[in-house]
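Naming follows writing order (A, B, C, D and E), and every chain is counted from residue 1.
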Amino acid sequence: MPFLSADEWTAVALSLQVSLWATAASLPFGILVALVLARGDFPGKQILNGLVHLPLILPPVVTGYILLVTFGRRGPVGAFLEEQLGIVLAFRWTGAALAAAIMAFPLMVRAIRLAIEAVDPKLEQAAGTLGASRVLVFATVTLPLILPGIIAGAVLAFAKAMGEFGATITFVSNIPGQTQTLPTAIYAFLQVPGGEASALRLVLISVAVAMTALIVSEGVARLVARRIRGT
Amino acid sequence: MPFLSADEWTAVALSLQVSLWATAASLPFGILVALVLARGDFPGKQILNGLVHLPLILPPVVTGYILLVTFGRRGPVGAFLEEQLGIVLAFRWTGAALAAAIMAFPLMVRAIRLAIEAVDPKLEQAAGTLGASRVLVFATVTLPLILPGIIAGAVLAFAKAMGEFGATITFVSNIPGQTQTLPTAIYAFLQVPGGEASALRLVLISVAVAMTALIVSEGVARLVARRIRGT
Amino acid sequence: MSLSVAVTHRFPGFSLDVAFEAPAGVTALFGRSGSGKTTLVNAVAGLIRPDTARIAVNDTVLHDSDAGVWLAPHKRRIGYVFQEGRLFPHLSVSANLAYGGWFAPRGAVEPGERERVVAMLGLGALLDRRPATLSGGEKQRVAIGRALLSAPRLLLMDEPLAALDDARKAEILPYLERLRDETDIPVLYVSHSVTEVARLATTVVSLRDGRTTRVGSPAEVLADPRAVPTLGIRDAGAMVSAVIRRHAEDGLSELDGPGGPLLLPRIAAPEGTRVRVRIHAHDVILAREAPAGISALNVLKVTVAAVRAGEGPGMVVQLDAGGERLLARITRRSARALEIAPGLACYAILKSVAIAPEDIWIAGGEETGAS
Amino acid sequence: MSLSVAVTHRFPGFSLDVAFEAPAGVTALFGRSGSGKTTLVNAVAGLIRPDTARIAVNDTVLHDSDAGVWLAPHKRRIGYVFQEGRLFPHLSVSANLAYGGWFAPRGAVEPGERERVVAMLGLGALLDRRPATLSGGEKQRVAIGRALLSAPRLLLMDEPLAALDDARKAEILPYLERLRDETDIPVLYVSHSVTEVARLATTVVSLRDGRTTRVGSPAEVLADPRAVPTLGIRDAGAMVSAVIRRHAEDGLSELDGPGGPLLLPRIAAPEGTRVRVRIHAHDVILAREAPAGISALNVLKVTVAAVRAGEGPGMVVQLDAGGERLLARITRRSARALEIAPGLACYAILKSVAIAPEDIWIAGGEETGAS
Amino acid sequence: RAEKAGAVTVFAAASLKTALDEVAALWRNETGVEVVVSYAGSSALARQIEAGAPADLFISANPGWMERLEAAGLLRAESRRDLLTNAIVLIGHGPDVAPVTLSPDLDLAGLIGDGRLAMALVDAVPAGIYGKAALETLGLWDQVAAKVAQADNVRAALALVAIGEAPFGIVYATDALAEDRVSVAARFPADTHPPILYLAARTAESASPKADALLAFLRGPAAMTVFERHGFSPAP
């Protein structure tokens, strides 16, 4: 393939893999945290809210560094995960997914939270009177109603994950074939004089992938919204 | 002041200035674009949608680079703005605000868009029958109802602007007192031996500022939402 | 002519095809659940854009699909009381009421009107509240007030009184009558209540499965024995007109009615006023001879005009009373016993108190001598 | 006892303080808009948590603020027909109807019940639709169906029939009666319609400004001349019981009533069945002598028990008919003319057709020999 | 607002920050002329100068970017000079890593074990480029290529070793000097890689009359004392 080198293809595939996993794996947590923030009322709520927004506020390098000292092999959580569960994040694509997920988390949570806040609690009450417990009300009423918000959150997260660079490279470095994602490759090209053309190629790929995801998701979201509205 | 140097104070002040301006100045556009994306139905809609998400998808360096070649003094738009309107963005705080605004734009738009999509069109119809034109319906019904979404979008944008680094340093450099924001200052400290302590100080400042904004805005949003719900 | 409507529209599984012309006053839309009333009202409001339509109010064309005319809803100046409230949740009751006025031409809302409407609807104590915590009936009253105070050229009311108790209805109906009689704002009024329709309507449009089944004055539509199945047997009745002769001290008004004097509970209108009285078919007793020593005060000389057997044990007898039509519903057994047949002269007996105040009203428009 | 409620709750500007005990059957909540009906129902449903409460259904305590007992709404197994629909917009009509069944104990919804309810409510053609495009009445019918099909231990119905036309009401009311008579599910029923209340209720609780004004059987509450101001004069009336003697071929049923035979439109119940008949005060004519040659078939021998002057030209006469009470509303003028006074023996005349089918019902529970 | 009158604006590679800040303070004391330094990656700074940035001096950590600007006529050719050199070192985690001898025989891969060798981006960032060249010269690259973890800058590579995530790394001598948690295992001979040069030049657009003086001052003894204290050497 003349357009992209083998390494570059790997980077494309890896970026997709990382972004999809980052989105998919963080979605349940995103929904949970959004639910807690939208509906909960407990002392530490503002702290949780702040924590969720932190990756947005901090320079990505700092987030990456914090991840490194926490989830690295020497980090308290990283060591635990490795010893107890055999999960290694450092220098692996899994770590890249973690970094992308964390960076995208505030976006995902905010979208889902807004959707939850727009659900009419009267419908949930009605479901309650019909015998559904809180969990079942959530599963049968809230969740379907916030689906467009969940899709929006997932798309934002996916797009962000596709573009995430600073935290990822700080946390898992750039190992071709393992942690080299598109943004890292693009960054590398931009560091050397004359690398712009190569960078542009990768940018185009990245944009194409993300745009496809975007358009598909818009279509799905529209369909879902129409089904909900029932028209 | 022993805790922060004069340059650092300047960076704090500049970060605030840049983030506030980025948020405030992009808000009208954010609302407009969100409205168009939520309610419009025109051929180029998916392209606009993609464009809005672009800064999320691209590595920030690329966004910064695009800004540099477009809005720089030699860039087509930059040159036009400078000659025709006397507006210089390149290497000014205004450029930093532009970069932050663009990077934060997708977050802002998505939050507002979700809020708009949650507004019951039946209420807008009711306002229409009572004589309000589309613009007035928007001003008197839609806008007040999406206020919590607007606040959420603005807060996300502000937080993002406070943390924005890659596009800013690429577009307007890191000139103390002019374009050096907290994240770029943090970056510079992290590039040299022994800079970590200084970087940490700035990180704490940055977190404190953004958290304050976050908590205040949550309070305001809650108040507004309660007023809207009318309980 | 005041309201001219011709609309066709298809939904999957339902099609609307309605055309009628109604003079000034209240046009009642009457029909069962799902017969297309709200759809039609929405078309008049401009909220749905029907497949084909010609809708005109007082010579203003709102929509003419052939001519390509379509007026946006906000230019139609309608006050629409929706079937489901649609109050603005972010505005206080007071701002909800004022909302329409913000966009109406200056001076279009008469000074003092607001206070009158607020008092009539009993909203005084609610003005600073927001819709979310209002009771069902309170919401509905605010919605009525909001529409009334928007200085509309056309009022659309979709079951406005359904959520209200009788006492509250009794306070609102006279206001709507005044509106009908004193302004020339046409009203399109959806209701399931025959009493409301008979009392308010100038024209009744009866819908069934998206088609017009009858259009006419309430006297025609509601006194037509053939309308009985549509209306439901309990609501059959006729309207007669009478002139108030004098108000007696014992709280009764004596009227010159068709076929004889009528005694009714005191009517709040000056002597000489022409009123219309709705007489339910099931309230009329027929007698071969003028009875004596009974509490019913009204005995009218009538002639049987037609007899129509219904389902079940009852039949509907159309009576001619001094040129006006009355309906009586009696059992077959009685009809046989009394040998009721067209041409028979007999007496119609009617209790004064059987006529509810909401069944008596000041005849609107041209005929009236009342204020 | 079946439903025991004692609730106090304060909103800014409104306070609720209600306590009553109701036996099995339908307890009607009756009161003007804003009198606290929905608030009370919400407290029973567990949707608001009142300041103090003791609420028990069939010995299950739902809420006892003193004892710190509070059952979550989903554990109360209630079928709540809300005043404003609250259908699930993302579910089809069919799934809305099935929703409650998903959480009910297995087998709690009888097989075939779903089809019966769908047929009764006329929802067959709507099953695949989503609520957004339903008409107002269609939505309300789905809401009723959803509550009925949730296999509830307690039904709460907040003006369930307000949005429906009379024909549809007439189809649903018998179902609710059957529910009342054949199951022991207690029903708390909010309505503005005296007819509905009189027909369905075992117990009537009348509310005013958040306070109970009367609690009792419909016969007591609705036949009490003192209740007339609360009810509205038009709705005063009494209930008498009678036993079906035979069904005549001409569509009438002959009954043994208080003070004589009663002829009523055919009642769908076997001979021997005891029924209750609501007789509106304004439908009763009094006569000094038994009249002849009139279409009214029912002439009861009665004795005047009490006379009560109302406001206006009318008065309410309480009559004793073979030990049961009847109310008649006549004008003062007639009362004077007939020299009505306590102790007077006279005749009450009543048209068969003046008794609407919804005013006749099979006496529930212990007294009946009917199925 | 630091549109300070007569200030000289320097665009400098970020790795010079500590040292250059000190030098700038000296100059400020000596002349009373303000210096404003914008620290960023050489690539970003060079592109900004291409876009017309208001820089008087450009200090690049990499000859490539300097050459590109020069070719574009954006520099005053006569002002360009080599300013400083640095060295790259192999570092290990911990205060007392056993020294190694860099030769083709070295079992560097074995030393690293299942860990990683932390470097800056080997094809993009100068420290990485130099490190890779040195390893190639020494015939060690093929051994370790698969074990290299590339950070986006040399400081991040240092951090990886400092916190022990990577047992070894290749960074500038200046970086190793200031970090207690790492120690130098070997210093790469200068001839194993292209010269590590920090270059300085005055931009073509520079209008500040003091720019030349500052450029001279940077190469002066006072400045060099500071640079050397931070581990840099004067360029030959």
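Observations on the structure shown:
By definition in this document, contacts are C-beta pairs under 8 Å (C-beta built on N, C-alpha and C of every residue); 3 or more make two chains touch, one makes a residue touch a chain.
Remember, predicted model here, so these are calculated numbers, not experimental data.
Among the remaining chains, none touches chain C as well as chain D. Counting only chains that touch, the fewest steps needed to get from chain C to chain E is 2.
Rounded to a whole number, the gap between the C-alpha centres of chain B and chain E is 34 angstrom. Mean C-alpha positions place chain A and chain B at a centre distance of 20 Å. Centroid to centroid, with C-alpha atoms defining each point, chain D and chain E lie 90 Å apart.
Averaged C-alpha coordinates put the centre of chain A at 61 Å from the centre of chain C.
Along chain E, no residue makes contact with two or more other chains. Contact with two or more other chains is made by residues 61, 165-166, 187, 190 of chain A. Residue numbers of chain D whose C-beta contacts span two or more other chains: 84, 133. Applying the touch definition to all chain combinations yields A-B, A-D, A-E, B-C, B-E, C-D.
Residues 61, 65, 68-69, 72-74, 90-91, 165-166, 169-170, 172-175, 184, 187-195 of chain A are the ones that touch chain E when the two sit in their complex. Across the complex, chain B meets chain C through its residues 122-123, 125-134, 136-137, 140-141, 144-145, 227-231. On the side of chain C, the complex with chain D involves touching residues 11, 13, 31-34, 37-39, 83-85, 125, 133, 135-138, 141, 158-159, 162-168, 170, 192, 194, 232, 234-235, 248, 250-252, 263, 265-266, 282-283, 285-289, 291, 293-297, 312-314, 328-338, 340, 349, 351-354, 356.
Touching chain A in their complex are the following residues of chain E: 41, 43, 46, 64-65, 67-68, 116, 118, 121, 123-125, 148-152, 156, 159-160, 163-165. Residues of chain A that touch chain B in their complex: 46, 49-50, 53-62, 106-107, 110-111, 113-115, 117-118, 148-149, 152, 156, 159-160, 162-163, 165-166, 182-183, 186-187, 190, 199, 203, 206-207, 210-211, 214-215, 218, 225.
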